[in-house]
Amino acid sequence: MAADASILQMLAWGDQGWSRPLLFGLGVTIACASLGYVLGVALGFAIALAKLGNNRWIASAANLYTTVVRGVPPLLVIFLLFFGTNGALMWVARGFGYTGYIEIDAFTVGVMAVTLVSASYSSEVFRGAHGTIPAGQFEAFAALGLRPFLGLCLVIMPQMFRQALPGLGNVWIMAIKETTLLSVISVAELMRVVGLAGRTTGQPFVFYGAAAVIYFVLVAVSSRVFIAVENRMRWG
Amino acid sequence: MNGKWTERLAAVALAAVFATPVSAEDLPEVRIGTDGGYLPWTSMTPAGELTGFDIELAKLVCERMQRNCRFTAQPWEGQIPALEQGKYDILVGGISITPERQKRLAFTQSYGNLPINFAAAKSSDLNGKSSWSELKKALIGKTIGVQSGTQSQKFIDNELKGDVDVRLYDNQDSLNLDLLAGRIDAALAGRSPWIALTGSSQGETVEILSPNLDFEQFDYLGVGVGGLMRKETEELRKAWDVALCQLKKDGEVTRISQQWFGFDISTKADPKICGE
Amino acid sequence: MDFETTLHVASELAGAIWVTLALAAATLPLGFVLAGIATWARASRHGFLRAIASAYVLAFRSTPLLVQIFVLYYGLSQFTWLRQSPAWILLREPFACAVIAMSLCSGAYTAEVMRGGLAAVPKGAIEAARALGLSPLKVFLLVTAPIAVRRALPAYSNEIVVTLKATSLASTITVMELTGVAKDLMSETFAVIQVFCMVAAIYLIINSALIFGLRLLEIYLAPPHERPLRRQRGRNRKAEARPADA
């Protein structure tokens, strides 16, 4: 019974409890995942266009990008960015004649990591969605006299997004899960807070268990939202 | 009590005498980088303020140098590049003076030295060895945990590579957890985290193993800890060293050491730098 | 990076390849067995079994693998009674913990792959087999399983690649596999790009070899009239693919 009471105390709100740090960590997790996701989907769309475009070199560069990022563990991508970005950025800056110190903080590195990985997966989602649009649609807007760009924007893209929605939902869930890896580079997201709490209180099971529940709820709510949006787009 | 009181008075008097508005305003502030997560050298209060042995000492040095100082917390892994690239002027926080680091960078004189120690469960057969050779024999075939990138890891590489199963940890806390759980037979780290662990209620089953391992026996362990700087900031290094000489002579280093470690870790003033 | 460093990095990485492969090789069969049990239980007549299996699949698919690994490794080790039980023989080893956690996770995803494969078996084929008087076991072994395996293989290849990548998380609990060694080398040599390129190349080579082998297997398993129709595979792959390993 004593143990139960102390667990309640540990998870309580206030100076002694860990609720506030946990909530803060959850905030960082959501911020990191959503920033990385939005940027990643935008980048992924550009990459998908590059793959579908007429320029063979750009297309193969885009394919190489997705092959590499999908082929190596996300953790390795995180380490690359963590140990590599500062040096790379300073090197570029030197080229422009700037010699001061530039630093990228761990949160930015985290957002970049989520962006790179979600971009590669969402580009495949978009390409797949593009593939499902019947060739007749392209012919139809050409027959209507729409220019290719306008046709793409008015006819193809709305359908593409509807087709891509389930896939994009998966990418979002993946982004949430990927943020847990950022704890290894000291981003103060949920997993990091939970680890810290577990180690200092000597109750890692309680805190990692709490983390499991929180992520479960986050994923469950996310899937519900995506399904709701899908349904709305289908009938709307 | 009396001694402390006079010390404080002397410090106040000194500060009053030297606090002419000229120097502190003219020189740029000293940018100090520190880890903030390595008790008792450098740590962070829940309110987000830096504190610890090295922080207190650096503050006194700044006072003596008549310079404004700004502390920034950054994890140790990125600190050396940041120093080299000019983000900081000096790094403090239990940084060991080693020959490799001295090749590329400069150190202030050493101001403290702590041995590294193995720790193991009280019930372990590793206890009660009087010399390193005895302990080494007992360690063969065991599983040993160590934090990566530390002097302790280097010690294992040099003395025990191939004879023991080494596990690398990202931080001391995880190392403690696995030592308490019994996943590793022994762990090697600086003496200070072991004092903290064995003093806590969780760590009462753990014991610090003798002997102490230090630079007298293993010269690559370094002559203690110092402030780490770029080679070209020679003037700041000299000023820092002079201030350290004064603080050592005044017994300030010993006093802070007592406060943070419970015993004296200070090293003697370097006669080459401080004179007699 | 000079020659000596390159050699040092290469030799360290070469040693770690086996750890990565061993993790994947231990995880996949265990995950497959777990998935088999879960699939069987989900089709069971007992509501209780169905509920447990569904809860298992849902729980492990909805939480990050890193959380699962940490609960198992650091979480369980806090209990003294567990440390005194026979289970501790396994749980005290980081390698075993990594394999158990990854198998549980892979099992949940593989169960979904299996369900997709089974759903793709035409009802008519099973009915035809029953009409021929085959026993339920024979119907499963001779008709259902071969069709389901063929249908599920593309998604399962994807699962294999994901598992191989997921082995990198073992480095967070002191198992020194490829990614863990790479991290150490990056912070030690600061030759970040070079180390990354070498490790990425190793992962890509292993992945490509696996994918190539599995493609051959797919073609081998496909009935002759289906062999040229490669496009169908793509559709199936997307349906049950596990989006990522994180």
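Per-chain numbering from 1; labels A, B and C assigned in written order.
The criterion applied here is as follows: contacts are C-beta pairs under 8 Å (C-beta built on N, C-alpha and C of every residue); 3 or more make two chains touch, one makes a residue touch a chain.
Because the structure is a prediction, the values reported are computed rather than measured.
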- Message: Can you tell me, using the touch rule above, whether these chains form a line, ring, star, complete graph or other shape?
- Response: complete
- Item | Chain whose Cα centroid lies nearest the overall Cα centroid | A
- Task: Just give me the whole-number Å value for how far the CA centre of subunit A lies from that of subunit B.
- Result: 39
- Query: Using CA atom averages as chain centres, what separation in Å is found between subunit A and subunit C?
  - Reply: 22
- Task: Calculate how many whole Å lie between the centre of subunit B and the centre of subunit C, each centre taken as the average of the chain's C-alpha atoms.
- Result: 44
- Note the residues in subunit C that touch 2 or more other chains, in rising order. 74, 77-78, 172, 187, 190
- Query: Which residues belonging to subunit B are in contact with no fewer than two other chains?
  - Reply: 81, 170, 174, 177
- Touching two or more other chains in subunit A are residues 87, 184, 202, 204
- Name, in rising order, each residue of subunit C that touches subunit A in their complex. 59, 62-68, 70-71, 74-79, 161, 165-169, 171-172, 179, 182-183, 186-187, 190, 192-193, 196, 199-200, 203-204, 207-208, 238, 243-246
- Contacting residues of subunit B [partner subunit A, same complex]: 46, 75, 78, 81-82, 85-87, 170, 173-174, 176-177, 202
- Inside the complex, what are the residues of subunit C that reach subunit B? 74, 77-78, 83, 92-94, 172, 174, 176, 180, 184, 187-188, 190
- Query: subunit C touches which residues of subunit B in the complex?
  - Reply: 77, 81, 145, 148-149, 167-170, 174, 177-178, 181-183
- Message: Taking the touch rule as given, give the residues of subunit A at its contact with subunit C in the complex, in rising order.
- Response: 67-68, 71-76, 79-80, 83-84, 87-88, 117, 121, 128, 167, 170-171, 173-174, 176-178, 180-181, 183-184, 191, 195, 198, 202-205, 208-209, 211-212, 215-216, 219-220
